[in-house]
Amino acid sequence: MNSFLEPILAPFFGLMLTNIVIILIKVAIVIGITLLHVAYATYWERKVIGFMQFRLGPREVGWFGLLQPIADGVKLFFKEDIIPATADKPIFYLAPVIFFVSALTSLSVLPFFDGFAVANINIGLLFLLAMSSLGAYGIVMAGWSSGSKYSFLGGLRSASQVISYEIAMGLSLVGVMIMSGSLNLTEIVKAQSNYPTGFYAIPQILGFFVFFVAMFAETNRLPFDLPEAESELVAGYFTEYSGFRFAMFFLGEYTGMLIMSAIGTLCFLGGWTLPKFIMDLLPFLSELPPIVWVVVFLGKVYFFMFLYYWVRATLPRYRYDQLMNIGWKVLIPLALVNIVFTGTLKIMGWF
Amino acid sequence: MKNSLVKIMFFTEILKGMALTFRTLFKPAVTRRYPLVKVPAQPGYRGLHALAKDNTGRMKCVGCGLCGAYCPSQCIHIYTTEGEDHNKVVDRYEIDVLRCIFCGFCVEACPFGAITLSEHYEYSSYSKNAFYMNKEKLLANWDKYFEGEKGNQYFKKFWRPLTEDFKGNPEQAMFSKITRKEKS
Amino acid sequence: MEPLQIAEKLRERFPDEVLDVREFRGQVSVTVRKGKIVEIGRFLHDEPDLYFDYLVDLCGVDYLGKKDKRFEVVYHLFSIKHRHALRLKAEVPETDTRIDSVMPIWTGVNWHERECYDMFGIVFAGHPDLRRVLLPEDWEGYPLRKDYPVKGPAQEWSGFLDVLDRSKKYRQFDWQG
Amino acid sequence: MMTSYALIPLLPLAAFVINILLGRKLLKENAHWVSIAAVAGSWVVAVMALFDVLSGAKINYDVYTWMLSGGFKVSVGFLIDQLTVVMLIVVTTCSMLIHIYSVGYMHGDPGYYRFFSYLSLFTFSMLMLVMANNFLQLYFGWEGVGLCSYFLIGYYFDKKSASDAGKKAFIVNRFGDFGFGIGIFIIFLTFGNVYYEPVFSQAGNFANASINFLGFDVHLMTLIALLLFCGSVGKSAQMPLHVWLPDAMEGPTPVSALIHAATMVTAGVFLVARCSPIFSLSETALMVVALTGAITSLFAATIGLVQNDLKRIIAYSTVSQLGYMFLACGVGAYTAGVFHLYTHAFFKALLFLCAGSVMHAMGGELNIQKMGNLKKYMPVTYITMLIASFSISGFPFLAGFFSKDEILWMAYSGGSPVGKFVWAIGTLVAFLTAFYSFRLIFLTFHGSFRGTHDQEHHLHESPKSMTVPLMLLCVGAVAAGWVGIPALIGEQIGVHNYIAEFMKPVLGHPEGHGTHGEELGIMIFSTLVGLSGIGLAYFMYILRPELPGRIAQQFSAVHRVLFNKYYVDEFYDFIIIRPTIWIAKNVLIGVTDARIIEAIVNGVPNAIAAFSSGLRRVQTGLMQHYATIMATGILLIVAMMLLR
Amino acid sequence: MEDIEKPFETKELTISMGPQHPATHGVLRLVLNLQGENVIKCTPYVGYLHRGVEKLGENKTYFAALPLTDRLDYISSMNNNVGYVVAVEKLFGIEAPERAKYIRTILAEMGRLSSHIVWLGTHVLDIGATTPFLHAMVAREKILDLFEMICGARLTVSFPRVGGIRNDISQEFLDQLYAFILDFPAKMDDYETLVTENRIWKERTVDIGVISLEEAVNWGLTGGTLRGSGSDYDVRKYFPYDAYDKVDFDVPVGKNGDCYDRYLVRVGEMRQSIRIIRQCIENLPAGPVMADAPKFTLPPKDMVLKDMEHLIHQFILITKGPTVPEGEIYVGSEVPKGELGFYFVSDGTGKPYRMRVRAPSFVHASALTRLCEGGLIADVIANIGTIDIVLGECDR
Amino acid sequence: MLQQLFFGYYAFTIIILSLLVVTRRNPVHSVMWMLLLFFHIAGLYLFLNAEFIAAIQVIVYAGAILVLFLFVVLLLNLKEEISLKQFVGSWPAGLFVTGLLFVSVVSVLGSYIQGPIGKYSIAAVRSETHTKALGKLLYTEYLFPFEIASLILLVAVIGAIVLAKRKLRS
Amino acid sequence: MVPLNWYLILSAAVFMIGMFGFLTRKNVIIMFMSVELMLNAVNISLVSFSHYLQDMRGHILVFFIITVAAAEAAIGLAIILALFRNKQTAHVDEMNEMKG
């Protein structure tokens, strides 16, 4: 990416600015593409769940309903923005922004294919965890500032849920960190592709399981969508939001799903790479230009997204205290066992 | 016991559910795309009212008022005057469709088979007046929805009870006539 | 036990209370005075060979102009164990519409009594929460009384602000709380 | 390859963790699978280790360093040499068989998963103990097995006697471990290290060193050896700390077999054998060891003669046999001791398991006076127990014969100053052992049934999961000794004394000073002694069953003393427990508490109260005022420093 | 309940759940006093749908009051109709002919199926599983289509008549119904696959809203809600009406009286309904579908204009109603929600002097207080779902 | 120059934000400003080449501790207290003391002696990555303090549970 | 190059602001947050020392401080909750039980 753009841009901007411009271009590409995917993620969700329920999903707007997300977006953006009288206004305004921005910021460290990440930082994984924990602020603030009791309960639930599952998720990723010996996502993927089994999901099956469950809880999706359980709390923390602000929450949530899927892909399913044994089998694959691998990456991400939809179509919702029990009494111990296990095997040189 | 252990460890019951939803993914949807594709109402559907005409095209109603008396929601209003040859003349026959509960009792009450409920079910409008049916509109409905033999068939089938209901009908639906065999 | 036997038994136990026993289509109604209704209920509930554990229904009937005592409270009792039923009717005069609540015996009668109060104005003494149940708290009159017009009282709607005003009286909790 | 040795202890640990975490809710009746799989895995790796060692490898490495502080290094490390391997095989084999046996024995117990998790934890600790390459890890394993032993003895914790027995075992062991701990401290003090290798290799340098201990100049090696031996005495239930072992029979029978016969109690012997470089440097210590062993074995054997509790007899027999092993070590014949440890593990575990099987059939009845003629109902148990008894009695060519004979020969010929004396005792004990073992057999399996009718009706052979381990162990009880056939016989049939050769690099092999003739004589003599013990038992309990009662009456004083186990428990009660309680009650509560402490406690605040009632007005109770004053204080200090 | 452990006490929170709330199935309003997530007090408010059915019934003839019962439990209006008709027949002292009884039984069980399907779907939906709802609705659609086929309406059927049924069923209807009945068990298995064994479902329902048998009877619970606690009280068995004494079916009974048992009971009832319908179809007798009781049933239409007597009957029955013996009667019937009872006081005229509807949902709604207190908010949802109330019936 | 500019921005914002944190009437607003403050401090750490510290600053402080604060603020729901005075009566004393303390601390700054330079130069840390360098130190030289820290956390968890949990009789 | 002293002054300023908050705020939670502020101030100076002395020990200390801060937050907030339960207030001037 850099090598491609630098010679083109350098004459115009000079080297110093070129770097900034390249970064800006990357940011634009990433955000643009992601938002498009987010929009269509909602479309696919409705389609998939619809088909799973003998329905058709959206199909009236555009060909097969393909313009539905855009219609929805337009509708949301032009809707009246209602602010409850009891709301704490500054925070009410700020909450969706925090939520959305924290989700978008996470995108900056995701490598989509080899060498393409807005910022390829050494502590990428930590950065992702940090950002995903910030989303909780948006939710809690939204819940509190709405001045509605349902929102408030949703906010409280979300705060404790995100804190609890943050731990499980962080611990589940420790196994991957141990195996790859790095926190840099690109390094993790590379270490993974050179590992005999390819995907870390196989040796890290326990960690993968914990991550998989925590993933649902972190993004407030069924069966852990307690903060917005519509049958209990109407819509949870965003009950009082409408229009543009609601859209921010909506987009933030789906971006969060996309990011969690991307983390899962990068840490457990080998990111944009294929396992080594396949590459050895089909050597011509390594001749392909790096950008082609983004297809593999997106394929895996969409596999995760499909799992999100699939689970949502199948499972009922947990209760709040059961959710906490699972987080603290099942997932965290499992993740710890996984760490001990991985660490032991690492010491013994088997990993 | 062992079974439950396996169940807990490997999420068999959840996986079964997931398998079911996944299978459904490939089954045809049952969605009826309503405004585009309309499902015809079954014969005898209790929809919009109509006032029957006889073969000569005259209104069957004689203004006896039984329908209005029987109507549970009391939405039928009939105004009659004495005609030339001391006949009753139905001046106004009005139905407040917004009050009507479409129970079909008026059909049952009418000794002459003058009032019917058509198969038409899409009645929406921007004004209340559209739902205040007067005699003319009701008669027009008859022409619209019961043209030809349809009207006669309607009475034959849905103007009940008939004598056969009290005596037993030789053409009754019976199970033994069912050809379909039970799935083994 | 046959319903008539039950009625006899009841008469034996409470000779002064039982006023009338009638049978219609196999169903037996026992008319009693309202004074000892709780004792009667307790007897019917606790006696082992009666054991009316299930109070099917409680309702009021307004015999305006038909009987001396204007109201009757009707209890439908059933014993799931013995499979026998009994209808108990307590007479309540218009002048004193108080009758004791049987809630201590059959908890499920709670809302039935509230409804009876709601519709007939019969006051159940000892009921823990005797409020209107189906009608709004500020409703006036008792709709199921025979002297209540079928189409409701002829009254103009006094406007939203008035409703808001009245509702303050019944407000139970504070939205800000 | 090396790393895989870590699996040996880790697998049982993993089993423990899985069982304790998931057992109650998930595994329940399936808990044994995890444990058995883990132990079987350990066993496989242990066998692999055996082959590695056989091919000449000696492995000593640190798996994980936990703490590094100056010269002090705490790590988890493994030393796998011949001694370790023998112990590994013994521990994993017995452990595995007993795990399997427990499936049947503990079936339906509410704490099923708990039992197996403790067993796994025990196996883990025991393996850590034997595989340790430093004293600290040894100590860790030592305490670990003690803890598990406590758990398992008190397994039926709702039974008071069981929980008391658990506490007793724990406390009595503390006495020994106290010495052991000090021993390790002194080792660290002396060598600046707690690793075997440097310690043993440098031990020779300190052969003549002495140390000031409690104001006395003591021979250093003797002191260390005796302190370490303290631990052995506690763990291996030697005089005078033997009291806990018979009581420990309150635990489930597999536990008795595994912990209190085959493995844990032999840790003491293992310790002495492992520290043989230290012991060998101190004649005094060796003498103490030999005498303790000899006396204990005699002492326990005599008690065993008259007991009626099935498991207690075997328990005293265990104490006695352990004494035998110490006797062997004490005369310098470590190999013989370890060899006996190895054979003993099989036949004693077998005896216990048979006892468990009998108990299972009798519905928990343990009094042998109430049994009889069980051979009719439980043939498998009978035959296996009979073979075990023959083995322990030193019947020719069974496992016990070779190891016992080796010990006696070594004692006789080894050149130890007390050698001849302990040989005599040993021979006497052999006679007693044969006698009480067969007393047990005859009373239990022969004669007529003396229990209740109910019990008789209920008698049945145990399930497969119990009898199969019995048969497997029986093979061990017969054949385990064949690796140690003495040269005397071995030369005739062309086999070597494999075990002696195998162990030589670690334990050395003192050559006997006798001739083949003497050796043959001793062998025949001890065999005859054993056979005569069996004969006497046969005479007294089959031919003339009324005789024992008469003898008991005749020598009622002796019988009473023996029956009450020499009144050791009562003695301890009198000299230790009661005074302690008395002191606690009268001195501590009465005087110290009431007079001294309370006076201080009450007096000081009274004085302060008087003083502070004036000061209290300054206190507003508001935290921030105090904080502000504190900040002012800091300000003043900083200012002072600035202005200075 | 001696020792409830609560994490900590914070300010009590009062929330008003409903009347507009996704989980309250209509216009039920619950005022919940919360301590954190724990429900300290739960007060139901009903009456938003009160239409004065009893008062209206007193001013209509026995015939004309029938459509009112459609609107009680609008999900299973067929059952209400049947219950009403059975009660009125008993008051009149007439019997419907066999064929009509069988057909009414079939229809009532179809109504029960459709109601239980809605209950299953919404209950499961409340607990978060969306798919069973839509899967179940597909089957309900078929039932509604069948209803439409025979009576021209999908929900408010008003089909049975005093003394029989409105019109005979068609062969097409019978064939389609039989085919549906043969297919339906497999569909039931599908719904159950998604929930019955599911661990989340079990955690959400097992031991939630437990009510003991004694307490349940004392509260006056009926139907599946009572049977979940272990009673076998079923009006169809205790006071058989229509053809229920001629078919063979079991009454599913629960054990613990928790949400899960109530769920199992209702699912079992659905399977029993299939059994009943099948037996009824297979044994359907031939013959009339209206009772030959000219004083109590409308005369045949083809005779009205031919025969004076019939004409007079037509006019009298429709304007004044039948002449009814004086007396009072209570007749219960088993509707999907529980025991629906009608109590008539007749004063000899064609209109009931007093018409009382004993609505099961009304009683069940009052028991919400008992079921929800001490649980969590989420349990309130499970409880509302599991007692299966319809506010139209509750408020009347 | 650029560095000074960056530092200037950070320093200015941090001070303003800390002032906002301690002066807001509504604790929720305080928490919001504190969140922003933590981000700026994390930025400052990045500026000082301490990327791991910056990350845990965000994860632990912002992601855990501050959420906990927020959680408690919400639980207590202190609406009526917001309208009361936010400072204690003796606040001038506090201001005076802290002001003087600040002055004296700043005046110390001129007179310290720089210690020896260590071996972890910026380049060295970069080549090894900061996380790895820190991890190596933590797990070898500072293992013991590290474990004590974990013990403290454990104790804190237990303590918090004991304090917050209590049995209610009803 | 930014001189070390700048960082130290910044740190001192933040510390003093935190201290001011602790000494003067009524709300216990805000007082508690002031304490966190002070800890952060210390962290700033430690990290900058570390940077300028090229030594990791400062970072290690920061690490431990963050750990302790987490522990302290958990305990402190639990105490605040317990206090609130008894007093129904979070204002520190109501909490004068220490008054003699």
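Letters A, B, C, D, E, F and G mark the chains as written, and numbering starts fresh at 1 in each.
We adopt the following convention: contacts are C-beta pairs under 8 Å (C-beta built on N, C-alpha and C of every residue); 3 or more make two chains touch, one makes a residue touch a chain.
Bear in mind the structure is a predicted one, so any value in this text is a computation, not a measurement.
Touching chain B and chain D at once are the following chains: A. Ranking all chains by how far their C-alpha centres lie from the centre of chain E, first place goes to D.
Between A-B and A-F, more C-beta contact pairs join the chains of A-F. Set against the Cα centre of chain B, the chain with the most distant centre is D.
Rounded to a whole number, the gap between the C-alpha centres of chain B and chain C is 40 angstrom. Separating the centre of chain E from that of chain F, both taken as means of CA atoms, is a distance of 63 Å. Chain E has its Cα centroid 46 Å from the Cα centroid of chain A. Note on chain placement: the centre of chain C and the centre of chain E lie 24 Å apart, centres being C-alpha means.
For chain C, the set of residues touching two or more other chains reads 176. Counting partners per residue, chain G has 19, 23-24, 81, 85, 92-93 as the residues that reach two or more other chains.
Along chain B, residues 8, 14, 17, 20-21, 24, 30 each make contact with two or more other chains. Interface of chain B with chain A (complex): residues 14, 17-18, 20-22, 24-31, 33.
Residue ranges of chain F in contact with chain D, taken from their complex: 88, 90, 93-94, 97-98, 100-101, 104-105, 107-108, 140, 143-144. Interface residues of chain A facing chain D in the complex, by the touch rule stated above, are 333, 337, 344, 347-350.
Residue ranges of chain D in contact with chain F, taken from their complex: 67-69, 622, 624-625, 628, 631-632, 634-635, 638-639, 641-642. Residue ranges of chain E in contact with chain A, taken from their complex: 13-15, 21-23, 34, 37, 124-131, 133-135, 138, 194-195, 198, 200-201, 203-204, 376-381.
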